[in-house]
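Labels run A, B, C and D following the written order; every chain starts at residue 1.
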Amino acid sequence: MTPGAFLLAAALCLAAGAVLGRGNPRLWLALTLGAMAATLTASLIVCEGAVDWEWRSPLAPGGEPLHLRLDGLSALFLALLSVVGGASAVFSRGYWTDEEHPDSAPSSRMWTSLLLAAMGSVLLASNGLHLLIAWELFTVSAYFLITLDRRHRDVRAAGWLYLGASHAGTMCLFAFFAALSARTGSWDLGPVREQAGLAPLFWLALFGFGVKGGMFPVHVWLPSAHANAPSHVSALMSGVAINMGIYGIARFSGWLPLPAASGWVLLGVGSAGALLGIALAFVQNDLKRLLAYCSVENVGVILIGVGGALLAVTHGGAPWGKLAIAGALLHVWNHGLSKALLFFGAGSVLHATGKREMTQLGGLWRAMPWTAGLFAFGAVAISGLPPLNGFISEWLVYLGLFDAAASRSPGLWGVVPAVIILGMAGALALATFVKASATVFLGAPRTRTAAGARECGMLMRAPMLALAGACSVIGLAPALFWRPLERAAGSWHPAWAASEGQAPLAAAGLAHVALAAVACAAAAWLWRKAHANGLRRAPTWDCGYSAPTARMQYSGGSFSGIAMGWFAGILGPERVLHRPHGPFPVRAIRMERVPDTVLAHVMEPASDAVLRLSGAARRLQHGRLQFYIVYLLCGLTVVALLTWIGVGQ
Amino acid sequence: MREFLLIILPLAGAALAVLWPSERTRPWLMPAVGSVHTVLAFWLLFSPPHVAPGAWFGFDPIARSVLPAVSLLFLACAAYGVTYLRIRTERPNRVFVASLLAILGLLSAGHQARHLGMLWITTEAVTLTAVPLLHFNGTSRAFEATWKYLLVGGTGIALSLLGSFCLGYASVRGGGNGDLTFVALMAQGAGLSRPWVLIAWVFLLVGYGTKMGLAPMHTWKPDAYGEAPAIVGAMLAGGVTTVAFTAVLRVRAVINAAGEGLAADRTLLAIGLFSMLVAVLFLLGTRDFKRMLAYSSVEHMGILVIGAALGPAGLWAAFFHVWSNGLTKGALFLSAGNIRRAAGARTADEVRGMSSVTPQSAAIFVAGMFAVTACPPFGPFFSELRVIRAAFETGHLAVAAMFLACLLFAFFGLTRLVFSIVDGRPRTAEKGAAKRIREKAGVIIPPLALMGISLWLGLATPAALREAWTDAVAQLYPAP
Amino acid sequence: MRFVLETILRLALWLLLAPLLPGIINKVKAWAAGRRGPPVLQLYYDLSRLWSKGVVMSTLASPGFIVGPAVAWVALVGAALLMPLGGAGGALSFRGDVLLLVYLLALARFCTAWAALETGSAFEGMGAAREVSYAVLSEVALITAVLSLSVQTGNVTLTDMLALSVGSGAVLLAAGLFAVLLAENCRVPFDDPNTHLELTMVHEAMILDHSGPPLAVILHGASLKLMLFAVLLSQVVLPLGQLAPLAAAATLIGTVFGVTVAIGLVESLTARFAFKRVPLLLTAAFLLCLFALLLARKGGVG
Amino acid sequence: MSSTMNLMIGMAMGLNLLALGGSRVPQVIRAVAAQGILLGVLPLMLEHEFDWMVALVAVVTVMVKGFLIPSLLHRAMRAAKIEREIDPFIGFVPSLLLGAAGTIAAVAAARMLPLLPEHTGTLLVPGALASIFTGFILLIGRVKAISQVCGYLILENGIYLFGLLLIHSTPLLVESGILLDLTVGVFVIGIIVDRIQRAFDSLDTRKLTVLRE
């Protein structure tokens, strides 16, 4: 069977799910899983096979003949979409049930089906017009998913911010595709590398897709949207949706002729995003917000990889670019999987306690061991630590950049800062996730609600286990994934299709397997030894203080205090501090929140200015007829002048 | 002959409405006439009649490419009107029904007018006929709105008459025999007296621009749309403005024939962008969702004239946009009317949570909002994208950039207001209203149908329409 | 077969020699202070005693409290196996292994911090926070050092990077790496291993609640890490790759000893910095490595 | 021939100034009515030989502009019980000066326009421009609805005057100008109707500012 058959089946299943799924959760789950399975098969056929799948049809929605294409690059993303999509579908059945959310659960199902279908079409569409349609469908359905729980003001605000930002991106895409089709004479998409005149369009594409991809200065919508969305949606958004933006950037950076500066710019925004994203993540107190900022960081890492590849291309297609792009693409996968896993974990915590603030949680490992273990697993994966998948992709990116540096290519000075920032971001990510998992799951419960938590059900546990499994497969047997990556790199830059520029994934895999095995053995051994020597439980040593309380534990805020001090210049934390003073101090407050740097210092002032302008303009509509006639005369004069000028020229 | 039926039939219907005895059954005249009119219009669309070049009225390609949209819109409004007037039994509907039908007839005449004078006369007549419709509610607010509409619009009309005189004089001065059909004027072409042509263009653009509601002559629009019943708003936004637009197009063709096309296009671009800018600035701040529709209409008028200034491709897109915008706007007006009645208020400060009070209307309203802000797959997306593409093809990069910026900010304004109305927790008063008014099929199906048509227009534009638009473009850009 | 034997030999070497270093440091400090001081093998005694002791575990702690140290120890051993020894190279060597080494250290850090936070004690939280925060800077310095090595040698495999001569940047690199060594191993001036005021500790604060075999594993891991850095440092400075195996081994041992003594001297001559000044020192280390990188860009083979 | 016509047009221009300067509404209405009659007669002056069509136009114009509308205005005025224009946006003296300036400008502007030889001698174009200008001044400068209507009337008188340029070639277009009077009629009827509904107090357009942003 060809991929087409599977894709058709998937489309039908999703359509059926959207229609029938409202009333019937079980049927919907079955249909969605079926669709995802079919999509996965289709993309695997393309990934493992040698030929791209392409399909043109006579029927022409919007006056343009339908043209679908699945090549090495898009198949990679489609496979991820199907895996995470399926997981999220299962999770939502346990997390957003009709019993708890009678009014929004049915629409959640419908919009999820639509979202999956739309994202799939984005990956498949090979015609500008249809890609735009799919893109906007994806945007809107994601909006309605984010704002499922519309009763809360902040959810609505987050949704609106998301919608507005996305639309800004979409407008750029309007310009991009319109200009592209105006220049090339057709809406049909394909490689146009040789038409050097199109190079400037790259910037439009970069911005347009970057907004959705959570690229650094335009990531402003991402944190609040991912934090306020229901967790199964957050997982979809963070695990798949932002990858659509990355897909766009990767796709068109591969197809368009590249401006000379493209590589440098991407390295720049990537580095900035990686560093600032993780710094902001480290200082968050809201668990889901922390995860969202971590997405910004990982997008930064991915863009660093892509930027390295662009640098390589603009400097004559050096083979190290292949490693960079392969690493970036694999990191898309790793980030998608582990971030979805983490959001599921956060979701199951939220579901059990109703709390997202880490200061309200703590000691959950006792009540929810599965969640704790899986969250820790995800934390290790996303911090890029061996022996899990996160390391493999970061390692590939590193390897590409190191090769660039070692080969003393002209791009060296773009590469060096990127590498240094990658290192710093890695260390910060580790700190961030130590903080997150420890504050939430270790120590003593900080509130009664946290103490009363219960472990999540099988429907929520299973997807987490599946994702964890996927993570460890990539981590332990990375060599399996080299071929698809090579194909993708090949379809991105044809010169790299040949298998020059190998990455020693086999050796790394071996090291990982050994490490994992020995670590497990050693852990078990030490555990047995400790018990053999006699293990006694006693309260934590309190330095002789007689009445320790759970509130005295090191909180997330204090944990990130040191780093916050270093980055205070950039992050600009807002502090409220009332010291206790006088003989009988009443109360002392110390609050600290870190607003999004770009949002607070760029976007909000700008929007205020615009609103002030509009307020000034609206005063002109004051209702005085006489002045309306004056306006009319002004119009007359101006038109007259313009006509006169027109004649003058 | 059929084309004249388009004019006569509604006028006859209007006369009949005046004589019709029963208040209760009179509204049914509107859908009756409307459906016949629609059938006729589409019949003509698919089998266009031959038009005598010298005829004063005729179903020429321009009429063919625009009029069916107007008659569709009227049909929807008429269907809605039956239920609406049943709700509003406290007002006598004789004048209302009669003038609505008369307006349809006059619009049909205006779209078919191929003579400068006839064009002006019909436009003037439409302006006057709309007065009782605007004043339907009879409140002092309604009176104020009507007064402003009449004075500003009247001034505009006067200016367009002056412009017509100037164009006539240009022809006479150029040795014309005083035949003021557009065919003759275009034939005279370069023979027209240059300065008079330019003066004529200025007055005609401003005059008809006032009727279109281009900034800064748009000031009557928010008041009129805000105070008039939903149907009237829809007809004004989708029909009357369209007549003015076709008028501008026909005149522009003459100017173009006279060799001043570039100057004309420059003014069109400028005034179009300015309209979009003004509309956006107001959209960002307004709290009243009916006035919001007015400003959105101003924005789309800007889009139309910009398209008209961007060469054949842009003009084609503009015709497309006449359809998609008119029908989508209609849906928006009608659903907004439902919401307004259910909420008993019009500003976002008073209206909240309509999604739970009037779920269907709210859904249509949101869908229409997305459609009108050029979100695919609705009609406006395709037409506006084509305008942008035309801008790129003709090398107007700055125009494209400003255009997109305006679209973006318009989206901000619209979404902000619409969601603040639709979402949230409804106020008790509205809950009560919800009990009182339940959404009748009669006020849901018409806007729904309009949305459906807008969707269908975008995804599968019928070949006949494409062909009609192409012909119209050919009529306005005659091959040298 | 040969591979297995060699690996076992390396393991034995690392595991047995590592605890010697802290002993030497303490001896040097005692000597500098004019005391007799504990025997050089003190840590061996401690380890064996701890190994046979029972474990007291916080009521709040999860199994991670014991698993953490084990995994950290394994990670360090793995790193040790990657570290080339003179011409012999590493037990496992492939392109980019240097990064694996860096990230194994990170894994170890993750596990120790995790284990520390198990108890919910404020002291341990404080220690862990300091550990991970300072690691940010020291890791930057480390990565820069590695990068400059690879630019210098045009290579990304640890063995080759260390085998070739380092050239002009060596001194800067050595200085930078020495600072990193002190920071990563929680020595003075970054931390005071044998103070008795918990508030001033980093590493010691993290392991306050550990006891018995887990504590033994942690202590042994720490010494392993120390030796790891000492070996790295000495190979960065000296092109051992070119020497004959025996000579290389001798020099290596010599330099490691030298480094250890140097640490001891530093500890006895300087006091612990205020925590505010720690970032300064680490940034200085980073800058040293960066200058080394710039130098490497100029000259070097490649 | 054209001298008498010019004389009449000159009078019409004078009436403009009168309307501008008049503070009492009836006076303004009378000025407008007189202007209407003058303009109505003009076509006959233009004609060299008698022409039914033109005569018809003349009669209709005189009837409507000279008698029908003014009487309506009077009724409206009585219904609204207003006699005088109180503190207008543009004072009477300024509007007078403006009007005068406009008239001069109109004469100057007319020189620049390329006219047919038979129109060059006449005051048609200057008169038209002047009246249009006057009309706008009144529309903008007055606050009483009725004075605004008068302004509109003068505006359209000006346009009609301009239309006379085309009276030979396209009489129909010129006649259609009568429709504008229909607009005026609607205005006035509107006022009266609304007055009866008592919704619209004292016809002061300053009170018409409920609808605004």
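Operating definition for what follows: a contact is a pair of C-beta atoms (placed from the backbone, for glycine too) under 8 Å apart; a residue touches a chain by one contact, two chains touch by 3 or more.
As the structure is a computational prediction, the values presented were derived from the model and not from experiment.
Peer 1: Using the contact definition given at the top, which chains are in touch with both chain B and chain D?
Peer 2: Expected: A.
Peer 1: Note the shortest touch-path length, in steps, from chain C to chain D.
Peer 2: 2
Peer 1: From chain A, which chain is the farthest off, judged by mean CA positions?
Peer 2: Of all chains, D has its centre farthest from that of chain A.
Peer 1: Have a look and report which chain pair racks up the highest count of C-beta pairs in contact.
Peer 2: A-C
Peer 1: Just curious, how far off is chain C from chain B if you go by their C-alpha centres, in Å?
Peer 2: Centre-to-centre distance between chain B and chain C: 77 Å.
Peer 1: Could you give the separation in Å between the centres of chain A and chain D, each centre being the mean of its C-alpha atoms?
Peer 2: 69
Peer 1: Can you compute the centre-to-centre distance for chain A and chain B, using the mean CA position of each chain? Integer Å is fine.
Peer 2: From the centre of chain A to the centre of chain B is 43 Å.
Peer 1: Would you mind pulling out the distance in Å between where the CA atoms of chain A average out and where those of chain C do?
Peer 2: Result: the chain centres lie 35 Å from each other.
Peer 1: In chain A, which residues are in touch with two or more of the other chains?
Peer 2: 618, 621, 623, 625, 629
Peer 1: For chain B, jot down the residues that touch at least 2 other chains.
Peer 2: Residues 147-148, 151, 155, 222-223, 282, 285-286 of chain B each touch two or more of the other chains.
Peer 1: Where in chain C do residues touch two or more of the other chains?
Peer 2: Residues of chain C never touch two or more of the other chains.
Peer 1: Among the chains present, which pairs are found to touch?
Peer 2: Once each pair is checked, the touching ones are A-B, A-C, A-D, B-D.
Peer 1: Using the touch rule from the top, collect the residues of chain D that touch chain A in their complex.
Peer 2: 89, 136, 139-143, 148, 205-206, 208-213
Peer 1: Quick one: which bits of chain B touch chain A in the complex? Just the residue numbers, please.
Peer 2: Within the complex, chain B contacts chain A at residues 147-148, 151-152, 155-156, 159, 198, 201-203, 205-206, 209-210, 214-217, 219-220, 222-223, 260, 262-264, 266-267, 270-271, 278, 280-282, 284-286, 355, 370, 373-377, 381-382, 385, 388-389, 391-393, 400-401, 404-405, 407-409, 411-412, 415-416, 419, 423-425, 458-461, 466.
Peer 1: Looking at the complex, which residues from chain B come into contact with chain D?
Peer 2: 116-117, 120-121, 124-125, 127-128, 131, 135, 138-141, 143-148, 150-151, 154-155, 157-158, 161-162, 164-165, 168-169, 171-173, 176-178, 180, 193, 195-196, 222-223, 226-227, 282, 285-286, 291
Peer 1: Touching chain B in the complex: which residues of chain A?
Peer 2: 61-63, 129, 132-133, 136-137, 140, 147, 150-151, 156, 160, 163-164, 167-168, 171-172, 174-175, 177-179, 181-183, 610-611, 613-615, 617-618, 621, 623, 625, 628-629, 631-632, 634-636, 638-640, 642-647, 649
Peer 1: Chain C touches which residues of chain A in the complex?
Peer 2: Answer in residue numbers: 362-363, 365-366, 369, 372, 376, 380, 383-386, 391, 395, 398-399, 402-403, 405-408, 412, 416, 419-420, 422-424, 426-428, 430-431, 433-435, 437-438, 441-444, 503-504, 507-508, 510-511, 514-515, 518-519, 522-523, 525-527, 529-530, 533-543, 550, 552-554, 558-563, 566.
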